[in-house]
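The following block contains the structure, expressed as structure tokens.
Note that the chains take the letters A, B, C, D and E in the order they are written out, and that residue 1 is the start of every chain.
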Amino acid sequence: MNADSVIHVRYALQRGEFALEVDFDLPLRGISGVFGASGAGKTSLLRCIAGLERPATGKLVVAGDVWQDDVSNTWRAVHERDIGYVFQEPRLFAHLDVRGNIEYGLRRREHNGAPDIDHIISLLGIEQLLGRKPNELSGGEAQRVAIARALLCAPRFVLMDEPLASLDQARKEEILPFLDRLHAEAEVPIIYVSHNIDEVCRLCDHLVVMDIGRVVADGDVQSVLVRMDLPILAGEEASSVIHGTAISHDDNDDLTRLKFSGGDIWVPGKPKPQGSKVRLRIRAGDVSLSRTRAEQSTILNIVPAVVESIQPDQGASALVRLEIGTDQIVARVTRRSIRELALQQGDEVFAQIKSVAVRAP
Amino acid sequence: TESNAEQVTVAVASNFARPAHEIAERFEEASGHSVRVTTASTGKLYAQIVNGAPFDVLLAADEERPRLLEESGLGIKGTRFTYAIGALTLWSRDDELAGKDCMEQLTKLGTKRLAIANPWTAPYGVAAKQFLVGAGLWSIVKLRLVFGENISQTLHFVASGNASLGLIARSQALDERLPASTCEWPVPASMHEPLEQQAILLQRALPNESATGFVDFLRGPVARQIISDRGYTVPQ
Amino acid sequence: MNANTLFGPLWLSVQLAAITTIVLMIVATPIAWWLARTASRWKPVVQTTVALPIVLPPTVMGFYLLILLGPGGAIGSWWVELTGNALTFSFLGLVIASCLYSLPFAVQPLVVAFESLGQRNLEAAWTLGASRMDAFFSVALPLSVRGYLSAVVLSFAHTLGEFGVVLMVGGNIPGETRVISIAIYDQVESLNYLAAHQLSALLLVVAFIALFAMFHINRRWQTR
Amino acid sequence: MNADSVIHVRYALQRGEFALEVDFDLPLRGISGVFGASGAGKTSLLRCIAGLERPATGKLVVAGDVWQDDVSNTWRAVHERDIGYVFQEPRLFAHLDVRGNIEYGLRRREHNGAPDIDHIISLLGIEQLLGRKPNELSGGEAQRVAIARALLCAPRFVLMDEPLASLDQARKEEILPFLDRLHAEAEVPIIYVSHNIDEVCRLCDHLVVMDIGRVVADGDVQSVLVRMDLPILAGEEASSVIHGTAISHDDNDDLTRLKFSGGDIWVPGKPKPQGSKVRLRIRAGDVSLSRTRAEQSTILNIVPAVVESIQPDQGASALVRLEIGTDQIVARVTRRSIRELALQQGDEVFAQIKSVAVRAP
Amino acid sequence: MNANTLFGPLWLSVQLAAITTIVLMIVATPIAWWLARTASRWKPVVQTTVALPIVLPPTVMGFYLLILLGPGGAIGSWWVELTGNALTFSFLGLVIASCLYSLPFAVQPLVVAFESLGQRNLEAAWTLGASRMDAFFSVALPLSVRGYLSAVVLSFAHTLGEFGVVLMVGGNIPGETRVISIAIYDQVESLNYLAAHQLSALLLVVAFIALFAMFHINRRWQTR
């Protein structure tokens, strides 16, 4: 990666028995996910990057600007870091109403061009709340206000600490594509902490997996997700991500045909205009395998694939990594099915992917 | 600021505040100068003068502080004089003592209290102690004593009924604003050292005609009349 | 009692209390902020030192201030050199003395308020681009309104009532340093009980109105 | 329902523009879910039940005991209600360490028999944290301590306000079955607020759906979930729940065979001993349909079904309600598939259910 | 100066300050709690009334207390009837007077602490089976430690230093009501400056140790 477009992070921080020790690069574009179990050190990492913690050993270089370096004794104060920060809890200012909270950051940083305040406010569904005091908001409402506040302070990049944890699925579905659009349009990179692999798959271009204060995997979301050796990525939530190009749209059925290395795939709706690249997220649990191409089935997407490796998962199931064209996807099937179908490495099979399980934001 | 030739600031011991105001008024009428009277305990006034207070004249409640000022040069040599001599009165408004011999009651205090001014700080306290010791009463009343910060607090103790008896200033006993006493006994001047209240002209009053004028007025007949009307003896 | 002897000292007192309170808020804020947030080993020492003035009897404190601020004293002589005027027996001297004496009453409630403020709101303000100073004024201060109210009430009321220090340093000069508390004291001393009652009643009424107004405004502000 | 085993709830509460108006019964056993969007009034309802709000109009009868009644002017104070409450944010006492927080409730209520402290502590994975102060915990750790605290205060029932929102999936997977076991073993009923349909389906016996301060649906989780008319239950998260009985277990494949009204179904692991009733949760997205029984496929569970109704969902997909025996399940398929297969009401089809998608806690 | 005149008044002062502080904490807690949590329209009135005593000069306040507590006064006469003893010129009278005079210094910091406590912790305590009283002692009080520290420091130090009220109500009786502040005052009045310095130094040292200990213990407690 080019030094101009990365955030270089190196920290060693001790908190009681917990030690954060990280040294890695994050791309300064798109959304980078930080994924890990409770207590893995995700919040600690974000606090270091924001300048809220000052570890003894630490270096932070953002697009070539040294923000922090214990060797040259460089230190940029929090408010000079032009970041936005959505905390794990809303942290709204009790003496200001919702409008006051949102304007707080707006007034303090210079904006290139007018920020689209109304757009963000209506997108987060908080128009009705502008005159309320924070103690008159529900948990989810408060968190939405906190997101709007962080986005509207003209940050160079935004740190988000489980921003959607307290929101209902419908609201999440509304905000997720917006976050995605945000980085596409406004080019505001986001560092996104989550314990929800669903959100991570859906949003992130880059993924950092943390465990007990260390980075155990980082890289493209595609390549990290198919690593079946990481316990935290296996289990219930195993997924894979592939890229494709939108080819045509069937208005009647509201389905879009995408081309990827392994063939064609149909996804619902019209995620992107024709010719543009899209990302598909495929849950391992949504992929089934068969020896013959099924007929008369509601499964829309059936593509030929080659078994690359088989790894037992928890209990009754196993994870099968498949090669489809030059892409890789993971399927979860029962061990019984593997035995009954006598699946082996190198076998040619049909991967059945329920079309509705394909996401393309 | 330099003292105004038209104005004189007179520092007065609290117990003499009332006659001092009257004298100042008469002096203003007579001379056209104006007088500012500032009151506090003699101890405070002394500390203030030593630390540069803008006073021209001191009317102390004793002779010690003016003497110290004269010796230290803050007071002008030879201007010190006794302007009034105080006297003690044994005073009560306790109904139980009505018609009885006040002096005799000192030996029958029981649980009642006798108020005197603080003998360590107030001249009237010194005199009260001298009287009590001299009369052989000190050891009898000792445990029943309460001490006022100054002579006016001593009066508060008696006047409010908290102390049954008090050794107060004669000048106070004459005050028409007090409730009537139930028994009263003027302590003979011979039973304590004289309560000489002295005045002195202070260094910073040197070029101030009004200050010397005020001191002269204080020695004059009008002031002497006021002073003796208020219950003090005026020395010759 | 004429209007002048009545309202003159009262007006002087109100001025003194108001100015002292304002000065104290400015002086006490950084001290309290430091005390509330430092992890320094010196914290208890500074805390104790700040609280210490009030253990001395006012008159005694006044006595030491008289020496310190007087033309012979360390501060006083420097001030005379600088301005030609003495600090003692002047209104300015009173303000200084009152501030010193009421300092703990301003600092303590602010420390309590600042300590219970916590870090969270400040962190949020910093990440929104507020410098430490800005965050203090835009977040910490409005959220500590209750502490300021207490500090103002205690400083104001205490300065109104105090007279030991003021009497010593100011010297009871009519129109200049004779404040209402001294005036009442004088009346009591000279057995003018009636005048003393009147002055006390006046002072109480004025103080009641002032304090009530403060509490009331605060209440409106909080429930807005 | 028998009055002795229900909580009768009737409230009218006004908060600014928001009005809570509810009048319904909750069973006093098992887990009752309260589901609704952000701002629907879930927290407000819980606060009323706990006695933290005192609405002008309100009646609360718990197993025949009147806890609150505006007519007879009955009011039972919060601490006399013997409830446990897990708030939306942890609310740990800052002056006590984790152990002190947990013991706080333990010491204040009488327990029938010794509470299994160590079990709950280890289940929530907080053994290592007992000596810590709350400000030394991560967000998820604090929430786990709060759950332990509420469970250990010997409550008659527990109110939980999105208790798992701040936990990672792995931790959730650990705690969910425990919550389920909790009510089975200790018979502590739980009222469980969530905006996550997944959790609700998984845990709850009874479901209350709220919208803008009102209850829009309540009843058995089965019957509520198949109501395709509720917008909040459609969309991404449409699901159904059926009941079955464990028949046998295949140790080799670690699969259990369950019998339900529509036939047999295989689920991974050994959720319950033979002969016991289990609950199966089937996501609409995990069900595909075919005209013929597929051969040689990794899809284990293929059962004959009859199309009962078809309802267009958002965009490209439609929800199909199927009758399988006497049970009902919902499938999500694309509109194209419906056309291509010419699916109609009354058609006989095969429902393909990915075995791994069947849950049976 | 002998040991008796030196340590006697000091000991008396420390006793008075300690007892006053304890009484004040007990009295001020419910007042402050009510003030911090009530929505009553009377709140500002009560707040003002509680703060009012300090606007009166101590001597004047003492004067009114002398009348009120004296055998002719409303409270004093009732007390004499009840016990046969007078309240004035007794240690008990001093305690009462000191409490009245230092009340605002105890109430205000507690109000600040209680107000910033918020409802959340209390609600949690109630749901865990704590009655309101229990929740106060087990949650509100420990979380308001900083407010109590301020209240204790201000009450204690102010009582140590106060002498106007004490002098008036107590009557300066050695061994009974002559506290150290009066002793120092007496020395200053009678020009015994050296003795005054010594006594002041002694008082300051003792107060410093006492306050330092409080702040230090608090610090240890908080960072435990």
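Keep in mind that, in the parts below, contacts are C-beta pairs under 8 Å (C-beta built on N, C-alpha and C of every residue); 3 or more make two chains touch, one makes a residue touch a chain.
Quick caveat, the model's predicted, so the values are computed rather than measured.
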item	value
Reaching chain B from chain A through chains that touch each other, fewest steps	2
Label of the chain whose CA centroid is most distant from the centroid of chain D	B
Whole-Å gap separating chain C and chain D, where each centre is the average of the chain's CA atoms	60
Between chain C and chain E, centroid-to-centroid distance (C-alpha), Å	19
Centroid distance [mean C-alpha coordinates] between chain E and chain D, Å	56
Two or more partner chains touched - positions in chain D	none
Chain E: positions in contact with at least two other chains	63, 185, 188
Overlap residues in chain B, where contacts from two or more other chains coincide	44, 47, 153, 156
Interchain pairs in contact, sorted by label	A-C, A-D, B-C, B-E, C-E, D-E
Residues of chain D that touch chain E when the two form their complex	50-52, 77-79, 81-85, 87, 91-95, 104-105, 108-109, 149-150, 153
Residues of chain C defined as touching chain B within the complex	59, 63, 66-67, 70-73, 76, 85-86, 88-89, 167-168, 171-174, 178, 186, 188-194
Contact footprint of chain D on chain E as seen in their complex	120-121, 123-132, 134-135, 138-139, 142-143, 145
Contact set on chain E toward chain C in their complex	43-45, 47-48, 51-52, 54-61, 63-64, 104-105, 108-109, 111-113, 115-117, 146-147, 150, 153-154, 157-158, 160-164, 181-182, 184-185, 188, 196, 200, 203-204, 207-208, 211-212, 215-216, 219
Complex contact set, residues of chain D against chain A	15-17, 36-39, 43, 88-89, 128, 132, 136, 138-141, 144, 161-162, 165-171, 173, 195-197, 232, 235-237, 250, 253-255, 266, 268-269, 285-286, 288-292, 294-300, 315-317, 331-339, 341, 352, 354-357
